[in-house]
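Each of the next two complexes has chain A plus one more chain, namely chain B in the first and chain C in the second.
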Partner chain A sequence: MTRILFADKLDNCLERWRSAGISVIGPVKKSNSSGYSAVTKAAEFDFNLVLPERSIKELFFPQSEPLMRYEIKKQEINTSEFKAPTSERIIFGVRPCDAAGLAIDDPLFGWDYQDEYWFQRRRETVLVTIACTKADDFCMCTSLKLTPDSEKGSDILLRPLENNSGWQVEELTDRGREAFKIIADLLQESQEKAAPTAVVEEKFDLEAALAWLKEPENFESHFWKEISMRCIGCGSCTFLCPTCHCFDIQDEGDTYSGIRRKNWDSCSFALFTMHTSGHNPRSTQSARWRQRIMHKFNYFPGKFNLNSCSGCGRCSRQCPVDMGITETLQELSKLLR
Partner chain B sequence: MKENSINAQDNIYKPAIMKVVAKHDEAPGVKTLRIEFVDPVEHERFKTTYRTGMFGLYGVYGEGESTFCVASPETRKEYIECTFRQSGRVTSVLANAEIGDLITYRGPYGNRFPIEEFYGKNLLFIAGGIALPPTRSVIWSCLDQREKFGKVTIVYGARTVADLVYKHELDEWMERDDVELVLAVDPGGESPDWKHKVGFVPTVLEQAAPSPDNCIAVLCGPPIMIKFTLIALKKLGFDEKSVYTTLENRMKCGVGKCGRCNVGSVYICKEGPVFTADEVSRMPAADL
Partner chain C sequence: MSIVEQYRTKVKELLSSGQVKMVIGYGAGTTPDRRRPLFMRSPEDADKMLLDNACIANLSGYLVSEGLLSDEKRVAIMLRPEGVRSINILAAESQLKAEQIVIVGFDTAGEELRAIEGSEAKDFCALIDSLKESAPLQAPDPLFERIVQMSPQERFNYWQEEFSKCIKCYACRQSCPMCYCRRCIVDSNQPQWINTSSHTLGNFEWNIVRAFHLAGRCVACGNCDRSCPVNIPLRFINRRMGMEVLEVFDHFPGMSESQEPVLASFKKDDPETFIL
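Now for the complex of A and B:
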């Protein structure tokens, strides 16, 4: 016997959570794109999406985050701080790769200096993940040693039933248990079977690629020039990536008043590392693509013992020139064979 | 050298407000500002964390923030001095700041020169052009406790006589009998009354031939100068592990999150900016 949340109870759940002061967010398809958005009725969820186009990152690290409002009068600077919202929320229908992505970035936002904009939202959010029963050609979680039903980063794991009428409930954390206590009486014990999880084939040999990237002499390999020839430096991959965390700090306003903001930035952009003197340490697109791959699979693991990739495949899926992490590591695997 | 200051404030992106208390023209386009904390709590935090070698983000709301070293030594923490060339948006506004104006500061960030490890040793400081400020922070940190160190030699060169910064302090060091100062300008950069060396820093250094015995070298300058000075130091018999330098890169956060200042796997803002020449030699040169 397993506890089941039947889909027809979902509206009641939303109502309960709302009454408890918890807002609900979920996968929603809109006319131009799909992402995780606020949901008030069960019908608004789109659980059929293999993966929302936009990753979950923006709910914890918004594309543009106001930090400080400033006002300057003669010999006086007045500032007021923007804080991350303190309201509780549940993200219902998270994909396992997105939940894993958040867990990957936690140590980055917390080493020595805690970024409260990130952690405040992390503390206030319950991640209810739904295991994947279908995948597309770009999914690559298994290549990153994760699975379509990975628990990493999640508070609750739901497994879709065979007949698609609901989900088996697995409570993973205290935070998840608290949130599901509110709807405990809406769950039913049942013997309904879970649908098989999606089959995601391994697309590259991660261990071999990691070993190659660690070799200092490969930093200047011709491979980087060849693989990045197509890259137009648009930055889409970095913006869609659930783990890419680079940002810029910019003031929006004038000499007298305005807002200082933390905005998404991208290592793909030529200006990203440009010095005032004109010197640019990463002056070519190949140096910039190398940085992205090395950062994710060499530098980040060196610091935090984690690859900075959860295998969602958005970088390849939405790349305008059909390159991404999958293609790069596949080519690398070929090189090694 | 591996320590990092931990900032206790809630919002790591919120700068302290500083008052400009003095300004000085150093060279064409190069200025020094002396700034003081408005909030005594922020000042106290600075006093407990600042060590020579650390850097900060100096800013003006509406323009942004720029990264430079703290040019004042760890032995003088009542204020911060920063020296910069007017070249971009932020530095243009900072250059025009008047005494009494308010600017912002975040920091101090990064690691430091391990001064205690230099006790009892001879010190050789080598700087080129506008890289004297980070060197000067170490120089004064040592000169303010002069008895703890052996012989102190400073080799400083700039393109022209006009480009030498801290001219008043150069005069002071020149007059001290416990400091040996070798000044140089590039060929063609001398003025008719120039009494010192003419030549590039690596050449001048080789002629001065300081002994590598029991000696720590602190080297700051533009990349091309660093490259050839390291060759000269090697010829003189210096070990790469006793040569220190400080690197800089574009930064936005200063605290290891914004993702742009790394050279290979090394984050300049957290693992640096102070490195030994030996550590720098292990970084991928193409990323510098």
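Now for the complex of A and C:
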């Protein structure tokens, strides 16, 4: 016997959580674009999406976040800090790769200082993940040693039932148990079987690719130029990526008053490493693409013992010129060391 | 011989005879319906070349990136008619010399693939003239019609919602052959003219700046629209600006390499009645 959450109880669950002061967010498609957005009725969820187009990252690391307001007067300077908004929330219907992405970024945001904007939201969020029963040509979690029902980063793991009428419930953390205590009487014991998880074929030999990247002489390899010839240098892959975390601090306003903001930035942009002098150490697109791959699969593992990729495949799925991590690591794992 | 085979042979000839140093075309993508840009440098590369109705992207932007043409050697490129117009605009705006570009022209109507005669931009003038004639009769789009019918307030709300999705990845800019500025105004940060933030104001600023900069220069290839990862219908903005420019100045961009840019040129005898 397993505990089951039937889909027709979902509206009751939303009501319970709302009464407990918890807001609910989930996969939603609106204005022809999908992402994780606030949900008030169960009908608003779109559980049929293989993966929302926008990743979960923006709910923890918004694309633009105010940090501080400043005001300069004749005799005084006033500043006031913005704090991350506090609100208990449940994200219901997270994909395993998105949950894993957050876990990958935790050590980064807690490395030399604790980024409270990130961790405040992490502490106040329960991630209810739904195992994948569908995948598309771009999914690659298995290549990153994750699975379509990976528990990494999740508080609750739901497995869709064969007849699609609900989900088997697996509580993974105390935080998850707390949130599901509120709806405990809405769950039912049942023998219903879970649907098989999606089959995601392994697309590249990760170990071979990592070993190649570690060789210092490969930094100057002609491979980088060849593989990135068609890269147009937009930030689509980095901004949709659940683990890309680079940001820029910008003051908006004038000399006398304004707001300091933390905005997403991308290593794909020429401006990213531009010096004040005009010199740019990464002056070509191939150097910028190399940086993205090296950061994810060489520098990040070197520092945190983790690859900065959870295999969601958004970089390839939405690339305007059909590039992405999959192709690069496929090609790279074939190269002789 | 099928058109694809004819073109493969042509590409091989161009490369083996040394007439061009590279041919830019299309190859297979990750999925059966995807095509990706292919840079062919040796005759054997032509075997990987594909040409069919899935070859939609306008590839002309690659010509003006990272000094490809700086060695004065010729480059061949596969283009639809709107891509040829892009070449004319780039030439008119002094970004390339039209004679350095060998054009392998094609077009598709539904499933059917059609070869277009000619090898330099000037060979396509008659074809582009006919496009100008049919421009106002473009296939109607229900959403476009609906936006045109909206009141200014409704239209503002419509675009506000669409722009709220913008993540400022600049895929629209990077995929656009006309966005070749060495330093885009949004990247000019001493001072920062345009907010980099992706809030409502910042997103409006960016998209309006781009709309104005493309007025009279856009060939409606649709690269921006297809590249947008959050599916903002950008084609409508540029199409509306294009209609305006056609109506007011009788200007259809990309007719020839000597066509003066409509908003970047002036005539001494201009009556200038619009200046107060």
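FYI, the second predicted complex is superposed on the first by the 335 of 337 C-alpha atoms of A that agree within 3 Å, B and C clash if a C-alpha of one lies under 4 Å from a C-alpha of the other, contacts with A are read in each partner's own complex, and residues count from 1 in each chain.
The criterion applied here is as follows: contacts are C-beta pairs under 8 Å (C-beta built on N, C-alpha and C of every residue); 3 or more make two chains touch, one makes a residue touch a chain.
Fair warning: this is a prediction, and the values are worked out from it, not measured in the lab.
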**Message:** Please determine, from the superposition on chain A, whether chain B and chain C clash or fit.
**Reply:** fit
**Asked** After superposition on the shared chain, which partner residues are touched by A:116: those of chain B (first), chain C (second), both, or neither?
**Response** first
**Request:** Using the touch definition from the top, say if A:210 reaches chain B (first), chain C (second), both or neither.
**Result:** neither
**Asked** Where does A:77 make contact in the superposed view: on chain B (first), on chain C (second), on both, or on neither?
**Response** first
**Request:** Answer with first, second, both or neither: which of chain B and chain C does A:32 touch in the superposed model?
**Result:** second
**Message:** By the touch definition at the top of the document, which applies to A:248: first (chain B), second (chain C), both, or neither?
**Reply:** both
**Request:** Considering only the touch criterion stated at the top, classify A:63 as touching first (chain B), second (chain C), both, or neither.
**Result:** second
**Request:** Could you look at A:186 and tell me whether it touches chain B, chain C, both or neither (first, second, both, neither)?
**Result:** neither
**Message:** After overlaying the two complexes, what is the shortest C-alpha distance between chain B and chain C, in Å?
**Reply:** 5
**Asked** Once the two structures are fitted together, what part of chain A is touched by chain B and by chain C alike?
**Response** 248, 250, 276
**Request:** Using the touch definition up top, name the residues of chain B that touch chain A in the complex.
**Result:** 4, 6-7, 10-14, 17, 61-66, 87-88, 91, 100-102, 104, 223, 249-250, 252-253, 255-265, 270, 284, 286-288
**Asked** Which chain A residues qualify as touching chain C in the complex?
**Response** 31-33, 53-54, 63-64, 137-138, 229-230, 232-236, 238-240, 248, 250, 252, 261, 263-264, 266, 269-271, 276, 284-285, 316, 318, 320-324, 326-327
**Request:** Within their complex, state which residues of chain C touch chain A.
**Result:** 29-31, 34-37, 39, 57, 61-62, 65-66, 161-162, 165, 167-171, 173-175, 187, 189-190, 192, 195-199, 202, 223, 226-227, 229-231, 233
**Asked** For chain A, which residues count as touching chain B in their complex?
**Response** 67-68, 70, 72, 75-77, 79, 81, 108-109, 111-116, 216, 219-220, 245-251, 253-256, 258, 260, 262, 265, 267, 272-277, 279, 281-282, 287, 291, 294-295, 298-299, 302-303
